Structure formats: structure tokens, C-alpha cells
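For reference, the structure I am asking about is given below.
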Amino acid sequence: MGLVTDHLPGALLPLPGGGALLTAIDQVVNWSRANSLWPLTFGTSCCAIEVMMATGAARHDLARFGAEVARPSPRQADLLIIAGTIVKKMAPRLRTLWEQMAEPRYVIATGSCAISGGPFLYHSYTTIRGADEVIPVDVYVPGCPPRPEALLYGLLTLQKMIREGSTLARPGQVRRPVLAALPDGMTLDDVRAEIAALVQETATVDRKAAAAVGAAFAAQDRV
Amino acid sequence: MTAPAPTTLRARLDATPWASPLGTQEYFVNMGPQHPSTHGVLRLVLKLDGETVREVVPVLGYIHRGIEKICEHSNYRQLVHLTDRMDYLSALANNWAVTRVVEKAAGLETNGRIEAIRTLVTELQRIHSHQLWWGVFGMDLGAFTPFFYGFRDREILTDVFERTIGGRLTLNYIQPGGVMHDIHPEFVRDVKAFMAVFRPRLDEYEALLSENVIVQERLRGVGVLSAADAVALGATGPVLRASGVAHDLRKAEPYGLYGQVQFDVPIGSRGDCWDRYAVRMCEMRQSLRIVDQLIDHIPEGKHFLVKPAAKIKVQPGVWYSHLETARGVLGAMLVSTGGEAPYRVHLRTPNFNNLWTVTAMAPGGRVGDLVAILSSLDLVVPDIDR
Amino acid sequence: MAADLLPLAGLALSPDALVAAVQLLCPAAQARPDCDRPAVKVTVGDWPELAGRLRAHADLLFDLLETHTAIDWPESGRIELVYLLTSLRRGHHLTVFVDIPRDDPVAPSVCAVWPVAQWQEREVYDLFGVRYADHPDLRRLFLDDDWQGFPLRKDYADAFMLDRPS
Amino acid sequence: MSLEPQSLASRTAAAVDAEPWMAIAFLAASVVGVAAFVTVLGLVLIYAERKIAAHFQCRVGPYRVGPHGTLQAVADAIKLLLKEDVVPAGADRLLHILAPVLSFAGMVLCIVALPLGPHAQVVDLDIGVLYVAAVAGLGVIGILLGGWSSHNKWSLLGAMRAGAQIISYELSAMLALLVAVLFSGTLQLSGIVLAQQEGWWIWRAHGAGVVAFALFVVAGTAEINRTPFDLAEGESELTAGFHTEYSGLRFAFFFLAEFLNLFVVAAMVTTLFLGGWMPLHIGQWAAWNAAMDLLPPGLWFAGKAAAVVFLLMWFRWTFPRLRVDQLMRLEWKVLLPIGFANLFFAAGLVVSGWYFFPTDAAPTAPLPAPAGWPSDGAAP
């Protein structure tokens, strides 16, 4: 990256108290990066209307998080929001755009198309099945298209990832988005326990209750 | 008849003659696929002489998903949701076009309530679409504030859709045999509230952009498209009407309840960017007028006449049906060999045909004019590429 | 110029009269009853001349080529070209079908009659492989220049495509 | 309170005479001071622009970073400083690196000559007006070099637009500026402020001041590439114009220079037509003038400059962009003739002394003959 960021850890760490200083610098740097995510004006399809335009517009106001400075040039952008389907002809261009962006750069894939190909997954001869086949993606925001609130949550998740992620001493270390997306006070174990409970619940059949529900449906059908 | 040799874009560009009366060099510039004013992934190869545009070569396919191929592998109900993703700004009109052709082919009936709801929501979405266009048009001319005003008012209408339909953009509402859900109990009140808010806002739009001298300078006499050229290049919708041709399928071949409501078809006289702008501004008022006439007279009845689980079958044959979206004529052709899936579906999209007028309008203008022309065409690129 | 393009209401021909009028211009044209709108089928040899007449004839005036596409029929070894014509001035429609052989799909270009055909024909070339004689700029429209095959043909096979699991 | 202006340089000159090392101290202090001033001012302006734009557009703007988003610009600055710096392959490396520095330097050189208050001026040059006009032109060299060296056609197009635009509008700006110089009878910026002790030129000059003010605001907006004259970077046309290929620190220089140029124009308008740091004095109305003097001159200057900045932001968030040929037509066929007519009108006013509170030091007094010339003043 920059001259300073590359050499700073090596210069600071041997000093007494250098580690603590470096941690403080890291926090400031990550704070600034998280709070100044300038997106690239780039949208391919329907998601662009919802996540680029509606989110940036008056009601949802992406500017509150400092992310409204949409840069038309990839050189100046920090955040690539893939809004819409990526097809074979577009894939090399998307790759070029990402490569033209200056580090540190982040990618949010919004909508089913950019995540998996979505409604165009089957029988399409051009649709790429997920933008992550072309470029690395940090955060996925599902929906077809996602609501603006969903993108805001994706953005907050990315901010959390950046704040808790790579440091100057270990650039490139990325916090996993699943962990970053969890609300405060919740761990992955809580989620696992909840899933296990749900599985247990659905796997156990209360015959009496099921019979009652079935009877109710049958009665409805007769009416 | 001899079979011609297909060429490539490179060969096409190399073959263009270089005209340089001043001894200056003309050059090619790529506009897109990532460019703020192509609204998506349209790519235009421009041949420029300084700032003057000499030639525009549109290059398509950056969002070509093969919808027509996917349609061949879908049943008649599944066709509808794909059309949402073509011209997502008039998703309901797209739904309706495919629904109409399926209903015609399968002989499905509708009732007055269904037709009234379809007409109402489609007209509301025409306003919805034009609001977005107005905002983006301002942004393309370099004024950012209209974008926010347009979206502010668009959100009110989005809420109306959300209450009844459940979606904000890709609505998938109009289905063969009816509409997906009955209207929300608050629908009528919400729409009236919207109209009360939006009428004065429309005057505000005019004050902010239409009456601005810079806007008028930028638009008047720019990108003139004669009526003959517009028809020859296949333009429809506001683009065609701005050139002075009063062709609107809502009037020419009334469908839904359009035959029973009073409205005017605004037409332009010169076919320049200003006319296209003015036609759309007038269309918003006319749409409000249509909604006004219908909103209190939605007949009673069922909102869905076909059993949701019933499979739709179509006899062998060819069907075509078209209607007027916010951008022009959307046609759906259905070829069936019997059974539950179409043999071939072709979608005649307004943007695909409107796009080519830019090759006639842009040469001779400046780069700034090109942006105004593109914006006045109100293109939706996924609708071009399908 | 604009005035003469305004629709002349009430002058539209009835479907039967329309087909009869086309058959007057081109005796070999056959009516297509399986189509919901007036439709004729003509041979590829008759088509370029008929196209010009449909556009110019005072009673027909088909000024708008609404769309042009094709249908692939591999069983009978033909590709059927479809031209959907609209007369804005008369207010009537006509569908024209033209058969061409599937193994050597060459068709005449009608972009001299309707300029928009230039791009519609490029789309058909791109997706069906129909080559148009005298087309000024026959290139792929949606797909890359080096794309192999024509995807809307029924026998198009592509290792990339996924079938929907049933 | 003494309103007799005294620049930092002149005060230091006295000190340097006594203690030679004071020269180095002065240099260091002014460098640090100007750097701090420029940075803080840039951050404030960026924050103000985003917040004002947001309120024009029915939204709240930056809100989460610091109270009411006040630290937003700080976060942006730190991020830009540490962002990867890309020099495209094929670019002219030296010029690419030099361009933003030139652009930034032009702006800083302007700021050192501006009288921000009676005692807050780094250097008070005799030919301050000419100097500011000249170094402001450095910015356009930066833009031209940046566009040229980027190896990108959009950049080049943006740079060429900027070059044509800024050089053209420089003329109108000069003509407007000369009006204030004519009335004040001096090229020294502090002198121009002092000449407005009995009233600001905008209202004292019987219309000529208002016209010149309007001309200068329009031409100034064009010179700093802001909407409706933002053709050089017109987003919807040229992606990002001349700085398309710039990232990180170098882009930050362009970005900061753009915002500080806004301040330079506002400060020049304030100095020339709105009395600079001079309170709203009216002739010899002693009571009124004393009441006005209650506010310190620094506040007067800041208030006036902020008002002009707000006006320019209002332009930006209301107007669409002109087309390139309309821009040229506006300058050469409208503004320039008006500027000339206004200048002649103003000259007439000055010669006849027909304006409010004409000063005694009007150019009726004969100029002292240069040394070595015959004492009767005739040319040798």
C-alpha cells in the first residue's frame, strides 16, 4: 500500500511501547476506513435502483454513514457494490474495475443475481453464477432486489469487519462477515444452539397437534 | 443471394472513414459499460472530433441474460417474474403484457375488478417511473437536487405498492387470471393521499427544472428527431410522441379500462430533447387524471379467477399482444406447440428499439448533448439486452 | 411532415381484407390461420419486393417494423422468420412469416425498407445465426464476437448452461 | 481598537532587523500556520458542503461519525492519505505526480496574500491583486498537466475543457476586479480594504460595484470549476474529468484544492466588494460605525466569506451544468462586453468623483515623478 503503512510497523514495534502505539494507530486507521466508504457508481440491473439510488436518496440517506460520495472513477472509490446480474461479457470488465480500484477496497454483492445468478441461474447461457466467481466479495446482501435497509445493514456489517479486521502489521487479514453481521452480545455458538433447537423442534412431531391442524385445513377446504 | 461475412466490432471501427477538415485527428472514446450517465451497462463507442460527436456505435450485451431462452424452459406462470427484471421501472406493465398474451392464448377470463386494479397500478407505476426519470434527468444535466426530490416523492408511491403488493420494485403482481393479491384496505386512501401530495410537487418540479434557463438552453433544439426518422428507427412511447406522432396504444387499441377513462395524449412538435421532457411531464399529469377517475370506481368482485395450483395449457399457435409501458410499446409473442411450456417467447421491448434513435440524433452535437439525448430517451439497459 | 403521420382513425382494414390485399400484391402468399392476428406466409424470394410494397402501398402503409425475430424448427429443418408490421397511419397490423433452410440460413435484409431492421436482424443473427444478404453491418449484437454457436436454436448445447432440477 | 493593517511579514521585518534568526522563525511559523489553517479550513468546508447539500435535498447528511457527523471529513482525510496511490501504466509519471502539487500550491500561494483581518495577513504585497490573479492561474496548469499526463481520453477532454474555461473566465474576473482597483486606487489588498472604510464598494459605486460583484461571482465560480460550470469534471459526461486516474493522496490534493479555491474566491469577493474585514461603515456616521466596530474584524470577514461560500453552494445544488459551447458563448458574448462597459462606466465614476463618500486620495493628486526624471515631470 502506501509508503508509510508498509514501513510503520517495522519501525514502531522494536520501540518501547511501540506495540501499544501501533494498536492506537490501527484503531484510528480502521475507524477512518470504516467511516469513509466511497462507493463506485456502478449498477448493472434492478438492484442499482434499490441499493444505489433509493438507498442514497432522501429517505434512506446513505450519507449518514459517510458513504454518499459516489465516485464515478474506480481509482477514487473504496467500495464496489455489485448491484445486479453479471454476465459473461461483463465479467472481464467487472474484474478490470475491481483491479483499477486502489487498496484498501471492499466489495458488497447485492441481490440474488450477484450472489448466485438468482432467477437466471438455470437455462441461461450467459449469467455468471455469483460475482464471487470473478472478484472476491466481502459482504453478501440477499434479496431480489434487497431493500435499502438491507444494504444499510450490509454496510454496517462491512464497517464492523473493517474495524475489527486487518491491521497495519497484518494487512489482508479479514474478519469473517458472518461474525461481523451478528448483533452485539451474540456469538456463533448462540446461533448454533438456536439452529439445533429449531432442528430438534421441527424433527419432533406432536401427532395430536398435527392431526388437529390437518382437520382444520380439511374443514377449510370443505367450506 | 450471397451469404455475407460477419464482422467484428474492431473491424467495424477500423472501417469508419476518418474525416478531418481541419487536419485534426478524430478519436474513439468508450462511454461505458461503467459510466454514470449510461444508467447501467450500456456501452457507446463515440467517434469524437474535439468535443463534437461524429458517430455513436452502441455496443450491447453487458446484461444479456438470455431471458427468451429461460422462457422456453418455464411454464406460463413462471414467465411473469422474468419480465419484472427487464424493464424494472415499469414492472407491472411488463407483467401485464405477458399476462395478456397468456390469457389470450389460454382463453382465460378476467373481470372488471381485475382490469380496474391492473389499470390503476400500471398508471401509478407510470408516474413512479417518470419520477425516477425526472430525477435522473436532472442529475445527467448536472443538477443533483432533482434526483433527491424525485426519489422523495417516489418513496410515497413505493409504500403504496408495498402495502398491496409486498414488493418495492420487482412486483410480479399481475398474473394470468388475475392479480396476485387483492388491494389493501387502505389502498384507495393511500393513493388519494399521494395525489394530494404529488400535484403541488409536480409544480415544484416545473419550477426547479423546467423553468430553469440553463435546462431550456441545454434541451431546446438538441437531439432533433423528425417524425419520419422516429418511425423508421422503430421508436415508440414518449420518444415517438415527442416527434409529433400521436401513437399511444392506450388510445389506439384500448386495453384494461383505458377505453372508459378520459385522458389526452401529449405530443411534441419538434422532437427535440425539450419535447421529450415536456411530454413526460404532461404524461404524469394525465396519469394522475386517469387514476383520479378510477380510484373511486373499483368494481367489486374476485381478484383471481384461476385456481392458483391449476396448470395453464395452450393450444398450438402464435399469439402476439402489446401494450404501452412508460417507455413505449412492449410486445410479447408466444409460440406454442401445445402443452404447459411455450415453444418460443419473443419480447419486443421499447428500449431496444428506442436506443437506435441516438445514432441519428447524436452526430453533430457535443458530448454534453449526447448525455442529454440519452437521458431524454429514458433507457433501461436490461430491457434492451433482455 | 408530422401531420401526415397522425393516425387516420377508421381506415384500418379488416383482417380478411388485409390478407386479401397482401395476396393481391403477392399471389403466392398464404394466410396463416393459427395466428391470432392477420398473418401471411411468403417465400423468401417474394419477400424483399413485398416488403417494399407493404411499406409504400397507400392502403397498407406499414410504416413501423414493430419487431423481427425467428423461430427454430429443427424437426422440419427450417428457421421461420417473423416480421410484425404495424401501420401507425392506418392502425392495422400484419404478421409475415418467411421460411429459410436451417442448414444454410440466408435471408434478404429489409433494412432499406425499415431502417430499424438493421439492429433487429443483428439480434436474429446473433441468436439464430441467420445471415442477411446486403446487411451493412452484420455483427453479433449481444454476445462476444468470438462466441461459438447460436443460443436460441433448439439444439444449442453449452457446457456452461444448467438445467433446472425437476 | 486599531484597524491599521499590519501584515505578519511587515511586523516580522522589524523584528528581523533586530534579531536575524527571527527570519527563520517567521518562515517556520508561517509554514506551519498556513498548513494548519488550510487543513482545518478544508475539512470545515467539506463538511459544510456535504451538510448543506443534504439539507437542500431533504436529508440529514453525515450524522454518525462524531456528533452530527462533524468528524466525517477527518475520517475521509485519513482514509485518503493511507489509500494506495496508483500511477497508471502509460502515464507520464513525473507530470502525474507534479500536477496535484501545482494545483494545491496555486491555492496556498493565494491564501498567504489574503487579508483575513487587520493583523492576519501573511504577506501584504504592493501588487496583491495582480499576485493573486497570477498564482491562481497555477491551478489551471495543475489541471492541464493532470489531464494530459493521465493517459486517459476522458481526463484529457476534462483538462482541455478546464483550460479553455478558466483562461476565458479569467478575463471577466480581471475586469470585475479592476473596478474595485479603480475605486480604491491601489493594487494592495489591504489598501483596498482600507479604501472601503466609509462603505463597501458593492453599494458605494452606483451600480458599477453590484455589476462587478455579480461578474466576479460568476467568473469565480467558473474558475473553480463548480456547477453550473463544472465541465472539467462533469460527472455525468466525463466520468471524473481530469482527475479520473488519480487516487489516494494525490486525489486528496485535488479535492482539497477544489474546496479551498472556493474559499479563495469567496475571500476575494469579500475583500474587493464586501469590505474584507471592514465592518459595515457608512460614511462618517460615527455612532453607527462605532456600533459596527463592536464585532471584531475577523468575525466580519468570516461571516462575509461564509455568506459567499453559501451562495456558491446554493448555485451548485440548484443549477444544472452548461454545455461547453454555451459556456464559451456566455463568457465571450455576454460577460466580457458587460465587463468592459462596466469598467468604462466605473472609470467615469472615479474620474468624476461621483460616488458615495469619494476619498480625498482620489487619483486627482499628481503622481510623484520617478527619481532621475526632470523635476517638471516631462519625459526626457
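Labels for the chains are A, B, C and D, by order of writing; each one numbers its residues from 1.
Here, a contact is a pair of C-beta atoms (placed from the backbone, for glycine too) under 8 Å apart; a residue touches a chain by one contact, two chains touch by 3 or more.
As the structure is a prediction and not an experimental result, all values here were calculated from the model.
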Checklist entry - Counting C-beta pairs in contact, which comes out ahead: A-B or B-D? => result A-B
Next on the checklist: How many angstrom lie between the centres of chain A and chain C, each centre taken as the mean Cα position?
Outcome noted: 46
Checklist entry - If you average the CA atoms of chain A and of chain B, how many Å lie between those two points? => result 31
Checklist entry - For chain A and chain D, what's the span in angstrom between their mean Cα positions? => result 43
Item to check | In chain D, residues with contacts to at least two other chains | outcome: 57-59, 235, 239
Checklist entry - Residue numbers in chain C touching 2 or more other chains? => result 142-144, 151, 163-164
Checklist entry - Out of chain A, which residues touch more than one other chain, so two or more? => result 41, 57-59, 72, 89, 122-126
Checklist entry - Draw the chains as dots and join the ones that touch; what shape do you get: line, ring, star, complete or other? => result other
Item to check | Of all residues in chain B, those that touch chain C in their complex | outcome: 1-10, 12, 60-61, 64, 66, 68-69, 73, 104-105, 226-228, 231-234, 236, 243-247, 252, 269, 316-320, 322, 329, 331, 333, 335, 343-344, 346, 348, 352-353, 356, 385
Item to check | chain A partner contacts - residues on chain C that touch it in the complex | outcome: 142-144, 151, 156, 158, 160-164
Next on the checklist: With touch defined as at the start, can you tell me which chain A residues reach chain B in the complex?
Outcome noted: 40-46, 48-50, 53-54, 57-59, 72, 74, 84-85, 87, 89-90, 93, 97, 119-120, 122-127, 144-145, 147
Checklist outcome for this item: Counting only contacts in the complex, chain C reaches chain B at residues 1-3, 5-7, 32, 34-37, 39, 63-67, 69, 71-72, 82, 84, 88, 91, 95, 104, 106-108, 114-116, 118-120, 123, 125, 127, 131-135, 137-145, 151-152, 163-164
Next on the checklist: Please output the residues of chain A touching chain C within their complex, sorted ascending.
Outcome noted: 88-89, 121-126, 129
